[in-house]
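Shared chain: chain A. Partners: chain B in the first complex, chain C in the second.
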Partner chain A sequence: MGIYGQMVRTELRLLSRDYGFLGLLFLLLFLMSFASWNTYYHLADKNKQLTVQLELVRQNDQLLISQIDSLNKGLATYEGQYTLPTSGVRLTYNNHRLSWIPSNAYALIAIGQGDLYSNYKKIVLYFNSSYERASSELISPIEQLFGQLDLAFVWTYLLPLIILLISFNILSSERETGRLKLIASQPIKVSTWLLIKISIRFFTLFSLLIIFTFALLSIFGVSIFQHPIEFGQLTILLFLYTAFWFILCFLVNLSGANSSRSLILLTSIWVLLVFLIPSFINQLGKELHPVPTRLEIINHHQEVYNEIESNLRQEMVALFRLHPDWSSDDPITKDMSNSTGWNINFLAKQYLAQLKHQPKAQEYEDKIDKRNQWFSQLRISSPAMIFQNALTELAGTSTRYHRSFLKQSQDYAHQYRQFVFKGLFTNHAFTSEEIKNLPEFVFDRQQIPSVFWPDALALIIYLIGIGIAILFLSKKSTRIIQK
Partner chain B sequence: MLRLIIKKEIQSALRDTRIQFAGTFLILLMLVSVLVGRQGQKQIQKERAEAQATMYDKWVNQGAKHPHSAAHYGQFAFKPKPVLSFLDLGLDNYTGVSVFLEAHKQNEVLYSAAQEGNGMTRFGELTAALVLQVLLPLLIIFLTFNIFSREREEGTLKLIHGQGISMRKLLMGKVWGTYALVLLIFIPVICLAYFLLDQASAGFDPHVGVKFMGLLASYSLYLLIFVLLSVIISAFSKSSSFSLLSLLGLWIAACIILPKATTNLADKVYPTPSQYEFRKTIAEKVENGIDGHNPSDARLADLKKQVLDEYNVSKTEDLPVNWRGIAMQAGEEYTDQVYDHEFSKVENIFKKQNRVSEWAGFINPYLAIRNLSMAFSGTDFHHHVAFVKAAENYRRAFVKKMNKDMEVNDKPGTEDYRVDKEMWESIESFSYEAPDIGKIISVQWRSVTALVFWLVALFTLASIYAPKISRL
Partner chain C sequence: MIVFIAKFELLRYSRDGHARLLVICTTLMLLASMVLSIRDYSLSQDQYQENLLQSRLNWESQAEKDPHDAAHDGTYAIEPIYPLAMLDKGIQQYTGQVIHLGAHERKQSTLNQAKDHSGLFRFGELTPNFVLLYLFPILLIFLGYNTFTEEKEAQTIRLLLAQGATTTQLALGKWVALLILMMLLFIVYCLSVVLSYAYLGGSSGIEILEWLIFNASYLIYLIVFVSLIVLVSSRSKSSGKSLVTLLTFWILVTLIIPKLSSNLAGQLYPFPSLQTFIDNINEDQKNGLNGHNFWNEAAQDFQQKVLQEYGVKTIEELPVDYGGLLLAEGEKYESEIYTKHFNLLKAQYHKQRKVFRLSGFLSPFLSVRFLSMSMARTDYNFQWHFEEKAEQYRVVLNTALNMNIAENAKGVERYKANTEVWANAPKFEYQWEASDQIIKDHYFEYSIIFAWMILSFLAMVVFSRKIKVV
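Up next is the complex of A and B:
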């Protein structure tokens, strides 16, 4: 066995007896377990709510289908359009749809924006205040402020701290205890000696991290073998982020500072990358890309609606020109004393207002997208931001996912509205077959391009940057160490 | 002697270039965060005040219409941006901004900044609170971790002891010396913040000056706690490295891990109902009665009988008042009872969750200062609830006025009854006054006590164990 092999064996033996090192590993594993449990319950609760909502829609549809069948068989009679099962009015007000965002396979790793929004949205045919925005759950704002203790938090914030604590004094402690001279007398360069020591710590921690992540994901029901690519991506991200902090420790060790100074320096870098840069960018984003108040949007919608009401005759002509298949000669559709006629009039005004209001609403959404784009680009300012973004993307809980879900929900609502209105406006009697085949929402992940490689590449660039600094410093290191 | 020790500590810290750099950096950081925060607060407050005025103008100029149509046309209440929120944003990004006030239902406060924001906001924002609560304690750790251990390592501690200087005096000298340095960093920011206080906003918060003093006192106590804790740990650590590691470990636990863990656990212990369950319960209780045995039909029939008996007539058409107006107001009042019942249930759950973090202040002073800072800055949960209640009271009053007008003036036989601007103007624009200092302290007494407890405990500990420092 060569000198390197001997060194590795000795180092591993020393680490296995180092209670500080073992304690920190245990702490990391404990926090990861707590975070997984916390996220698991969060997801279970969300999925439970979603199941309740889907079941509600199914039961409503089932009831409507059975009532249509009873009506057709002459087994039941209904008075009024609001209760008549074949009526478009009944379908409009009683049978809402649901759009929902299914949990990603790796949702367990990051709650992300998931505590701000519901994972489903009720799609109704009439306009209401929730039309343009995401639904939310009842949650204490204090919990939202402090955020969720999930794996993403443990890895982004705490993993670096644990790395700093196990590696800050590898070289300095040898000097402070007088053993450095002994090491320097060995036929090995001090920088190589340091590299081996850090590498052993890195591979020990990283291997345990991956094994434990694998175990936790499996315990909490993540089907890793069905999604091996995502696990591979997670492993790459963890490798790069962990390597970044270890290499940073290597660099600081190499600078020759004493233990306390090394720890202060590393903690300061951590504060800078995890707290100061992200919070500064947040502040800057708010100043450079202020999002206007929703007041303008609310006002605009009201104005458009009033305008349509005052010009209703011409507006209705325009509507039927736009949708010729919605026009009907049936007198019921023109009779305002009848609920069908009244609702055609009422819903047509809302539909037209929505169409006219859309460009203004889109302007607002574009501003939010522009700001998000800006934030997204600026994430390269800190590896912590890149890593956190990559994890929420992998978990499917990032802002991009939620905004895409909202957009897809609105598109679906528009499509469903057009389907029902065509029947309602022509006083069409809906059949049970049509109810069974109502347009369904399907969340399309393909609309959200993956940002895994840009994130991984940005982390690699950081590694290369520190690598260059190390090369520069290693030339001076021997002199520093000799001092 | 005490004065000499304090002087020596200040002088040696001021000579340290790292402390000079870190101190200046923190001062600059706080100054920037205060200036930028103040600018943002001013801008948002202006926008909200304008929005409130615009919406009220729309209400006044909505044209002639039936009072019930006007109740559905509704109004908006905008939450004023708290004057001191430029120092601590607190929950401001997570609670909504405005609420639509209309007949029959109590809407949610909507459009929170977080929902319109980006995932990056989860890293926090650069505010004075972040610097004072998280970064300044870190500087205190860097200032004090070797304040005793260095003397011990260099052998000067024995020398000092040999000169007959009491260890208690030495410890307190180091505490007050460090605290003086911390105040040196803290005071410029406080002066700037006081200078920037917007007295013009005192309209909805006349107690802003007293709250500012409360904020100042809370941070002064919190920072003293951190100084005491750090000096004590340094005094009883055998080496500087051990002292630094212990202090950093405590800082990570207190400022990074425990706040999240505490609130997440509180949510598991006191779970909130889902939005759907909450709304469904309200709808069911409005329909079937709060106790489930008082359906709306029966309630309406009872009311009808009562009104007909009162006016001694047999049918509603013969009433000298509008029956629909009476029925609607009765419906409103019953719905209000249901909303009060259900909202208070959720509010109590949130309060119980918050109480966990308030009690946790006795374990972790960071949580105590976080709660107090938000409360004095007007950005805590209680301020949000106060706004929601004020908006709801306003809604109830204006809807009641519409219903009353309908009941009295839209009598049977009146055709196309409408009211005009005079009526709309008789309802004043929504205004809200934030809770006063007495209310804040009555709600936050646990956090105040937690800080005092920490201070007393640490002073006692220092006093009892100080003589043992020289023996280590």
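Up next is the complex of A and C:
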């Protein structure tokens, strides 16, 4: 066995006896386990809520279908349009639809924005959609403020600290204890010796990290073998992020600072990358891309609604010009003392207000997208931001996912409204077949292109950057070490 | 001797280039956070005032319509922003900014700003309280971790003891020096706040006493760190170990324990699902008044009561429109049901709050965070207070509208109120909760941070006596 093999064996033996290292590994395992458990219950809760909502829609539809059948067979009679099963009024008010976002296979790794958004949205036709209603689950805002302890948090924030704590003084401690001379007398360059030591720590930690991750994902029900590509992507991301912090430690060790200075320097870099840069960018983004408050949108909607109410006759003419197939000669549709007539009038006002309000609302959404796009581009200013973004994307819990879901829900609501309003406005009697074949929402993931490779590439560029700095410093370091 | 040691320590700090750099960087961060926060706050206040006026204007500009239709269309209660919110936004971004006040239904506030942000938002915002809670402690750690260990490593501690100083005096001297340094930074913060509010002029409306109490909690928090830094440095064998211990403490206190306690509180005392909450309300409302149902038992009882009150036998004989009376009574009844269920939700939050309060024993960060948010009126208690006041107003407004029907719709086919009714409808005027009430409600948190301050100081004094020099 050559000198390198001997070094590896000795280093592994030393690590297995290092209580500090083992303690930190145990802490990492504990935090990862708690984070997985916490996320698992968070997801289970969300899925339970979704199941309840889906079941509610199914039961309402089932009831409506059976009542239509009973009515057609002459087995039941109904008074009033609100209860008449074939009426558009009944369908509008009692049988809402649901749009929902299924959990990604790797949702366990990051709750992301999932604690802010519901994974479903009730599609109702009788509300002002500028004001969110009926779809926000009850959650304490304190919990949202402190955020969730998930694997993404442990890896993004705490893993680097553990790496710093096990690697900040590899070289400096040797010098401080006087063993560096002994090492220098060996037939190996000190920088190579340092590289081997740090590589062993890196591969040991990384291997254990992957084993922990694999075990935890399997325990908490992630079907890794059915989604091997995602696991591969997760492994690559973890590899790059872990390597970044280890290489940074290597660089700082090479600089020849004493243990405390090295730790201060590394911790300062950690604070800079994990806290300062992201928080500064957040504030700066608000400054450079100001988005007016949504209150303006609500007020605008209200203004438009008032205008429509004041000119209702002309507005209704315009509506039927826009949707000639909604127009009907049936007197019941014009009779305001009848619930069908009253609701046609009421829902038409809301629909018209929505149409007129839409450009303003869209302008607002565009501004948000533009700001988020800016944030997304600036994530390259910190590997922590890149890594966190990549994890939430992989988990399907990023803002991008949720905003795409809301957009798709809006499109679906529009499609569904066209279908129901056509029937309601013409006093059409809905059949059980039509209820069975109501348009369904399907979340389309293809609308969200993957950002895995841009994120991975950005992390690789960081690695290359530090690599160049190491090459630059390696000549200087020899002199520093010799001193 | 203590003064001499403190002076010597201050001299050491002033000569340390790294320390100077760290102090300058943190001060710049603080000033940057202040500038960005002033602009943010100022913009938010302008938007609030503008939208408040617009919202009322929209209400008053409604066309002629049935007052109950107007009640259904509703209006909005917009959350005001307290001047101290400039320094601590608290849960503001997560709770929404507005509540729709419509007929028959109490709603929670919505338009949660956090939803519009990218995921990077969860890294935090560079606000003054962020600098005070996270950056100041870590700066103090970097400055003071080696205050004792350096003396031990260089063996100068022997010289100091040989000159007659005791280890307690040494600890106190070093404590005073670090405290002075911290106070200097804190004064910079205070000055920047004073200048910020002066810049905002009359619009700030900040009360000095409140601001002092607000600052006191941060000051105590930082004193705790100063004492613990000296304590850990005095007990550590090397500077490296001291730094590692202090950093671990900082991570636990500011990052891990707050998350663990909030997740634990949510797991132990979860809020019901939205559907369960709605189902429970519907169940309670099922057999009660709802204003539109004339036929159920509760409506029949109410009808009898009204007839008796007016001394008539039939609805037709009533001098007022019975439908309006029923709507008004139904609104009150429904509101009581909502109040009952929202109070159950609030009670659940208070159970969660107990977890946070107890976690304060493990992390002073949590107690200070809650104290700061409470004074800035950006905590959950403010949210509840605002929502309750908005609900009271909703009932007042709807009662006024429904009673307008009762008084004017008798014998009128398809009664419509004119725009004067909208203009004369009561306005929502929110009164902030008084500071003394807030302080009273947070005695426990104040006690915890005082306990942290006293115990950490005592621990430093007691353990410094046992320092091993050799």
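Couple of notes before you dig in:
Simple rule for what comes next: the second predicted complex is superposed on the first by the 475 of 483 C-alpha atoms of A that agree within 3 Å, B and C clash if a C-alpha of one lies under 4 Å from a C-alpha of the other, contacts with A are read in each partner's own complex, and residues count from 1 in each chain.
Just so it is clear, contacts are C-beta pairs under 8 Å (C-beta built on N, C-alpha and C of every residue); 3 or more make two chains touch, one makes a residue touch a chain.
Everything numeric in this text was worked out from a predicted model, so none of it was measured.
With the C-alpha superposition on chain A as described, chain C and chain B clash in the combined arrangement. With both structures placed on the common chain, the touch criterion links A:S279 to chain B and to chain C. Touch criterion met: A:Q148 reaches chain B and chain C at once.
In the superposed model, A:L138 makes contact with both chain B and chain C. Of the two partner chains placed around the shared chain by superposition, chain B and chain C are both touched by A:F375. In the superposition on chain A, contact of A:Q59 is made with neither chain B nor chain C.
By the touch criterion stated above, A:N437 is placed in contact with neither chain B nor chain C. Applying the stated contact rule after C-alpha superposition, one finds that A:N389 touches each of chain B and chain C.
Once the two complexes are overlaid on the shared chain, A:E309 sits against chain C while remaining clear of chain B.
Looking at chain A, you'll find residues 31, 34, 38, 41, 45, 49, 52-53, 112-113, 116-118, 133-149, 153, 157-158, 161, 165, 169, 173, 259-260, 263-264, 267, 271, 274-276, 278-283, 286-287, 290-291, 293-295, 298-299, 302, 368, 371-372, 375-376, 379, 384-385, 388-389, 392, 398-399 touch chain B in one structure and chain C in the other.
Note for the complex: chain A touches chain C at residues 31, 34, 38, 41, 45, 48-49, 52-53, 56, 112-113, 116-118, 131-149, 153, 157-158, 161, 165, 168-169, 173, 259-261, 263-264, 267-268, 271, 274-276, 278-284, 286-287, 290-296, 298-299, 302-303, 305-306, 309-310, 336, 368, 371-372, 375-376, 379, 384-385, 388-389, 392, 398-400, 402. The residues of chain A lying in touch with chain B in their complex are 31, 34, 38, 41, 45, 49, 52-53, 112-113, 116-118, 129, 133-149, 153, 157-158, 161, 165, 169, 173, 259-260, 263-264, 267, 271, 274-276, 278-283, 285-287, 290-291, 293-295, 298-299, 302, 368, 371-372, 375-376, 379, 384-385, 388-389, 392, 398-399.
Chain C makes touch with chain A in their complex at residues 18, 22, 29, 32-33, 36-37, 39-40, 43-44, 47-48, 51, 54-55, 58, 61-63, 65, 73, 76, 78, 90-91, 94-95, 97-98, 100, 107-108, 110-127, 130, 134-135, 138, 142, 145-146, 238-240, 243-244, 247, 251, 255-256, 258-263, 265-267, 270-275, 277, 345, 349, 352, 356, 380, 383, 414.
Put simply, chain B touches chain A in their complex at residues 18, 29, 33, 36, 40, 43, 47-48, 51, 54-55, 58, 76, 90-91, 93-95, 97-98, 100, 107, 110-111, 114-126, 130, 134-135, 138, 142, 145-146, 240-241, 244-245, 248, 252, 256-257, 259-264, 266-268, 272-276, 278, 346, 349-350, 353-354, 357, 381, 384.
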